[in-house]
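Note that chain A is present in both complexes that follow, paired respectively with chain B and with chain C.
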Partner chain A sequence: MPKIKKKRTGFVLDMTPLVDIAFLLLTFFMFTAKFKSDTENEQKFVIERPKSSADTSKLGEKDLAIVKIAIDTVNSDTSYYYSISNEDVRAQVYQAIPTIPADAKAMIAVDSATLDRLIIETRLASKYKVKFAIDADKRIEFKWVADLMEIMRKYKQTEFQFVTDKEGGGL
Partner chain B sequence: MASMAPKQDASRKRGPRRTRRRWITPDMTALVDIALLLLMFFIVSTSFNSPVVMEMTVPEGEKPVPLSQVVSVVIQPDGLLKCSYAEKTVYLMPGHIAGLVAEATALIKDVPVIAVDAGSNVRYGLVVDVLDELMLAGVDSRFVRKNTVVLNNIAGLSY
Partner chain C sequence: MAGGGSLGGDRGHQKRGSLATKRKKKKRVGFVLDMTPLVDIAFLLLTFFMLSTTMNTPQIMEMSIPPQTDDVQVAASDLFTIQIDDKGRMFYNLGEETPQLLAMKDLRSLAINENMRKKNQLITSFKVSTKAPYAIVINVLDELNLAEGDITAQLTTEGLERKRKFSLMTLTPEEAEVLKTL
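And now, the complex of A and B:
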């Protein structure tokens, strides 16, 4: 007599905890993800920031004016780039300076004379609330930074920040 | 709630129906596939090294500093540091600033003022490296002036 074969059943694994954790992580990463801003999308250069290990404070986002000194990837010219995070202040500043076209983007390439005007106008428009940060490529000559610091000093903007990358990366 | 009770009773009377009682198991495979795909995307695309900042200050006016207090560190374009203090001059490779600060603090009776001087053709990265090392060596307030960065050791403004 043939044995009665027990019907095989595919084994079932309880995936519920796995899926729970996966969704938890998914929501976490979705909320913490920071997408490239318009300013970052427009820029035609990559800044190789100098490394520092002493300071750990993060770069702010609100009421920040960033002066970037970068080397263009195409023609390898060094230039100043200026951006203000606060849109109201930005609109006011752009209006105050006639050399800036009306359709200027969030970040503009400027010469040192325009930069001079931009810094004082930003100070005035924001009622001295905007913080300044210098985000310079480590390969540039120091004179670019020194000239900028001299402009800042002229307008009594005595405090500013150097943007650097943390040594060794990490969180 | 009370008005609901007779209705419930009526449904009970019809008797249990097997098909209704059965556990509903929708096929979650597709959903979970997409969820995991998105999860992987977000994990891979997240960058964790956000930029950090070094706080800098420039002096509004100028104050003279007695020469005996000054430790001058001249950054040369090749990266060598020419350090002059207490009537002597030494050449240092980057990475030996902590020793210099310790020695200068011992030699100079007053509060030493470390003046970092970078020529206009020095790479910016070198300057930041030196500033970073000085900060690690315990030099705190940073006063930057034109091509000269004056770092004030210990306390009080001296520039």
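And now, the complex of A and C:
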């Protein structure tokens, strides 16, 4: 009786540890992944933020009103953009101001008169809980920020945050 | 996964009577599942999430401004003024001295020295022309914030509590005229 020929298995590599690590990383990245919000998707400009290194706290997400001051990529005009992260507050604020259309998006381009109304309405609607952040392009003139600060001062919103990028970039 | 490298187990070492001598026992493979598609998908997702994750979330710089701009009388000698003109040049002066040009890299050490000399007395007044680029404003604020850490640390060793006196305002036309001549 001839010997049964052993089936050749070629070359076997134990992939178990590899797969373990791969899944570990996969879970990590899945949980830490943060997707672009609606506001960011609608944004048609890029803000080149100034760099800073002293304060390393991150920008919050809850109850935040962001005033963006950006330069349009097409006609290089500077203008204000306003967005409120809390949807309930946003709905209330938009309703309170007649000049804002009912189908307004999460982020709207505004002039300084509307911005004035928006800031006070946001303060009222959120019962003074909303934090304000100024996200301005580093190339703009200081006038835009100074005017905005003046509006805030008028409504006693004396604390706010400047949005910056970390010096050196990266992590 | 103690010790196991091979798929399936090699249990069944005990003799099974006479049968074992007659027939070569087939090695039990247990249960084998082809994991290739699973691993493919896992790696695909892993690559996607790794590439789509942005690590540099924006950071913030806290700022607080006084509620109203009514004039408060302060001694001129306590004032440390930093001014930025239309072209983005930086000047500094103490009290009523004539403003002098100041480089960004010298700002931090200057702020620390002046603050240590005057302890908590010094009022830093930062005046910016409306035409100055915003980036410079943030740079100056950042330098001052960095200096603040050192000042607080030095004052703490002396047993003092740091009280920061700071104001940010726009440059008046008169002040801008003065800077133009320099």
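General observations
Assume the second predicted complex is superposed on the first by the 161 of 171 C-alpha atoms of A that agree within 3 Å, B and C clash if a C-alpha of one lies under 4 Å from a C-alpha of the other, contacts with A are read in each partner's own complex, and residues count from 1 in each chain.
Following the convention adopted for this analysis, contacts are C-beta pairs under 8 Å (C-beta built on N, C-alpha and C of every residue); 3 or more make two chains touch, one makes a residue touch a chain.
None of the values given here were measured: they were computed from a predicted structure.
Superimposing the complexes on chain A yields a three-chain arrangement in which chain B and chain C clash. In the superposition on chain A, A:L25 makes contact with both chain B and chain C.
Shared-chain residue A:E87: touches no atom of chain B or chain C. Of the two partner chains placed around the shared chain by superposition, chain B and chain C are both touched by A:R49.
Of the two partner chains placed by the overlay, chain B and chain C both lie in contact with A:L59. Contacts of A:D103 after superposition: neither chain B nor chain C is touched. Judged by the touch definition given at the top, the superposed model places A:D14 against chain C, while chain B stays out of reach.
Within chain A, the residues touched by chain B in the first complex and by chain C in the second are 15, 19, 22-23, 25-26, 29-30, 32-33, 49-59, 69, 133, 135-146, 149, 152-153, 156, 158-166, 169-171. Interface residues of chain A facing chain B in the complex, by the touch rule stated above, are 15, 19, 22-23, 25-26, 29-30, 32-33, 49-59, 69, 133-146, 149-150, 152-153, 156, 158-166, 169-171. Interface of chain B with chain A (complex): residues 28, 32, 35-36, 38-39, 42-43, 45-46, 48-60, 118-129, 131-132, 135-136, 144-147. The touching residues of chain C, when paired with chain A in their complex, are 1, 5, 35, 38-39, 42-43, 45-46, 49-50, 52-69, 84, 128-135, 137-139, 141-142, 145-146, 148-149, 168, 170.
Against chain C, the residues of chain A that register as touching in their complex are 14-16, 19, 22-23, 25-26, 29-30, 32-35, 49-60, 69, 133, 135-146, 149, 152-153, 156, 158-166, 169-171.
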